[in-house]
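My structure is below; once you've seen it, I'll send some questions.
The letters A, B, C and D name the chains in turn, as written, and every chain counts its residues from 1.
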């Protein structure tokens, strides 16, 4: 199957190339980058030297249409939707890694991002969390690959909401992300010297663009409004998100039922690993992979359950998950190209 | 004033030496280390070469007694209390950096640590948080220097509890510590290759030894039982603790009153800096210093206020704070030797 | 083909497991570890959870013999040779990652390591640098997988020595290694807090055990004695070796011939990438891979040529290279399981 | 003494502020930054909050003249010289941290930097290496504070050149710098995600601007031309330079004489610490300080001596050294404000 990576010189684009190179079913026939158009991929990114014999092309979705079966779009929001529109009109299947098709409510999208450039496509978009929407993803024409923070928060939380075991208000999330989560953005704040050994919260409360996305999917699982306070942090590392979710059990809900809900949800999932009682997930175990490790702890004295998860923001939090969705869309085994183990150490 | 650092080859001991070398009022006349006894300090720790002309001595508190006016004890728990006992009998003033005199309840101490080796000294011990116990610290004979996590959690939280603005149950703390918090402990888990780029929660809920210490002081401020779930994490850096405390406002409590409570509590404090609205504290701003930066944010939709703080676990979280207490004990200006600015970057 | 990893809980052992899991031709049927015997691999190393359904076994080479076709031995020196002896007697093909069969001269081995436990096996051992010994490796019974530093120094240096373009005395090497090069060794020096942000030379001159190994292979290429001063450093990262080799051109030797020698040597090599003039290799481009990137620069004013290389000390510097050798031994395509691209960033 | 920091928002400017705040003899009365003019220093750089009650001013050297006795100029090259010119005309003493007054030869400056904006000032400029030019620095009107790499290479090398113990050709330097050496430069290459865990050589040979500066001072010590090949590297940390200098002893020169030359040169120096035989310097021991640690090793088999040094590129490599010079200029004890010990760990 011929695929293109549109916006291939950003961090999620590069990670897509890296994964697709080990995928037996997808052949990368085009990689676009306006800024680097014309230059060999392996010259710009020496990690790819000798492994991918392509030149970056300027982004022209229409021109790609005849050459590919599926496109991964990894452009900034709004720009992505514009490209997706052209590709979809030409009949190309799209897995979009931007935020453009994640929020189902147009007003919410407008409030947090911009006027939507292609609202007519929203109805066909499927939220690309295979653990929730697997059946709808099979054969979908447009996949909205989830945000990195939402994936890390939702995977441990959804089974408990779905089972009605926890209060839907007063949920508190503290999430810590590697600096690559900001993309290759030229900003003082992301210079090495500013984040080396540093750690800081930013946009605490309900101020980060991933917050409404988290609440949308949480509400879908709970069958009603959910309120989540979300405090993202920057970690002094490149890859990975560690999430800590504090929830309160509903009256009568017992811890073993929560454990069972998690175990039942993920027993057969290839990429979500529920850790045994007493263990806690680490970034190191999921780095550069498509795994999400999940654990449950409790402080019964304080009516509090604690959900922990780790994933790689560029892996299960972005490009890995996008390929997982593409496997479903294309009818490949869902794990194809994605079972790589984390470098340890 | 002649001082000794008892247990000087651990990380808090070394940080004490570093601070005391710039202090005009304290002269370090002895540094003990069983393991390194006899060797010149500057040979063992090259950062001190040329700056401290002492040899490590074997730990013999009784022998120190006649030579010093004040001792900083930085030994493992229980071992510390045993040394403190000897020193106090000899009339030496002690600032103890272990956990031995922090918990006022013997049974709690026994449950989390061990049988207490010197319970008779507990009544004279003052908890070394100058922002709370300043007057009692002036002239105290025995100071129990607080834990690093408790300092980071309590400084932002106490003013709100004291003012009765927040619920005393359902408090959630996510704290992230640099690896030096574990001390110079030879354990697989603390090898460079295991924590480089890693991040992980450990002992989540109410399982870390600092949890009862936090609740003790929170309860003292609130005037009644407080319940706090505490999730510590390891960060891939050496120094610093970033804390995020989720609290729920009491009915009728308004955010401006919370801001005022923080501002009032710390306006005249030399080492606690309350950040302007909209800013968040960073580790980089407090690294290698005695400062604690504090901020307040809110998610009113979810009845949640968010307290953020950063400090250096070896600075305001341990050795800096111990010297601040010693300044009070000895009658020096409280800031002596402690106003150093963080290296930035 | 059934393989065992003997000494599977060290860093090179784990990396072998990681690589072998993506290898279609080798099936890991045993992983030994005395210390962790009996425990499931995925419980001890959560990165392997769900990917390898084995328990660690106590090391008993004789018991392995009937169950496997090939063994990777990754034990400390001397211990490794003892195991290799048993395995070879039982007819098992061995790729040994220790230093035991790298030095062809017994006295040199004795001087730098210990009395050799199995000198009778030395004649059949082939030094596992495929770029030099490819033909001898095909079908070899015992492979001595090279040290990490030697691989990084030799790959850029050998073509110039072989072509007689550089002086064989006065060669200067500055090599910088990630901390995982020390293995999972419990020593103060390798604690996170000691190496975070640190950098230091150690054993400078001709004092590191890899120095005689480098000279042995350099001499073989030059056809006579070579003198190399070697200064290894620790880098504040986990993986990777960056090497800088200063050589002096022989009278009449010209830079283009040196470039040609490198290009000719590696044009068809799958894992050595000679960079275009003006570029310098980075650790990031080879991390977690089997690639070695190589560059040549010059300071003609000072009769000095500069060879630069980067590789992953656990990849091309150890486990990757061992699998590359095993592929040759077993008759698989040499690149099988080894073409993975570095995570970037 | 009233001082200004001109260009105070770069990394060397900030480090100057940090050091000057602990200096009893210098009072910072102005800090300039075009980009941040008007904003309180402590708002822009939270590490300075509560410690420095100033606003950044737009750079207008003429307007500073009447208000200050001494200026530290920390602007980009050429821009710095232009400011220095105005300040000197107004009779202000200047310690310049740019490269503008380091090279004594105008043609060399023009080749590596630009046309010189103030060549008439070169004769009064003194190269600010106190270990070499101490007497000329006392009362100097214009100090050219040395580059970070030159300081690290020259301090171990000069005594051997001065004593005529080593060959003056064929010197090889491998230097490794923290990323802050690039300043707060907005460039892809200095993003956190690009340098985290990375290491790479750049501008190898005789291509870095510090190379001619090194040769100039080496030649002055040797009393004739010296040839040095210089290979700078980026380290995955913020602060520090570790240098490795390979030299060849002259016929008849013996190692003990080299040791004696180093010991004699630095026995009474407050900031250069010659390590005992067998030890190697670390970045950690000098981080955030004005110390430079130096060691000598040898590989006699290969006629090679190895000089090692570490310093903090923002400390002894820039701002610390500038204050050391200012102390000499102003007649303060040379160590004032500079004896701070490195945080360890």
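Keep this in mind: a residue touches a chain if its C-beta (ideal position, glycine included) is under 8 Å from a C-beta of that chain, and two chains touch if they have at least 3 such contacts.
Keep in mind it's a predicted model, so treat the numbers as computed, not measured.
**Student:** Among all chains, whose Cα centre is located farthest from the one for chain D?
**Tutor:** Computed centres place A farthest from chain D.
**Student:** Given the pairs C-D, B-C or A-C, which one repeats the contacts seen at A-D for over half of the pairs?
**Tutor:** Of the listed options, the interface copy of A-D is B-C.
**Student:** For chain B versus chain D, what separation do you get between their C-alpha means, in angstrom?
**Tutor:** 36
**Student:** In whole angstrom, what separates the CA-based centres of chain A and chain B?
**Tutor:** Here the centre of chain B sits 38 Å away from the centre of chain A.
**Student:** Averaging over Cα atoms per chain, report the distance between chain B and chain C in Å.
**Tutor:** That pair's centroid distance is 45 Å.
**Student:** If you look at chain C, which of its residues touch at least two other chains?
**Tutor:** 11, 178, 180, 193-194, 196-197, 236-239, 281-282, 284, 287, 345 - these are the residues of chain C that touch more than one other chain.
**Student:** Within the complex, which stretch of chain D touches chain A?
**Tutor:** Listed in rising order, the residues are 11, 178-180, 184-188, 190-197, 236-238.
**Student:** Could you list, by residue number, the parts of chain D that touch chain C in their complex?
**Tutor:** 169-172, 174, 176, 178, 193-194, 196-202, 204-206, 227-231, 233, 235-240, 242, 244, 246, 248, 280-284, 287, 297-299, 301-304, 306, 308, 310, 345
**Student:** Contact residues on chain A for chain C in the complex?
**Tutor:** Result: residues 11, 14-15, 17-18, 21-22, 43, 45-51, 180, 196-197, 238-239, 270, 273, 275-276, 279, 281-282, 284-289, 291, 293, 314, 339-345 of chain A touch chain C.
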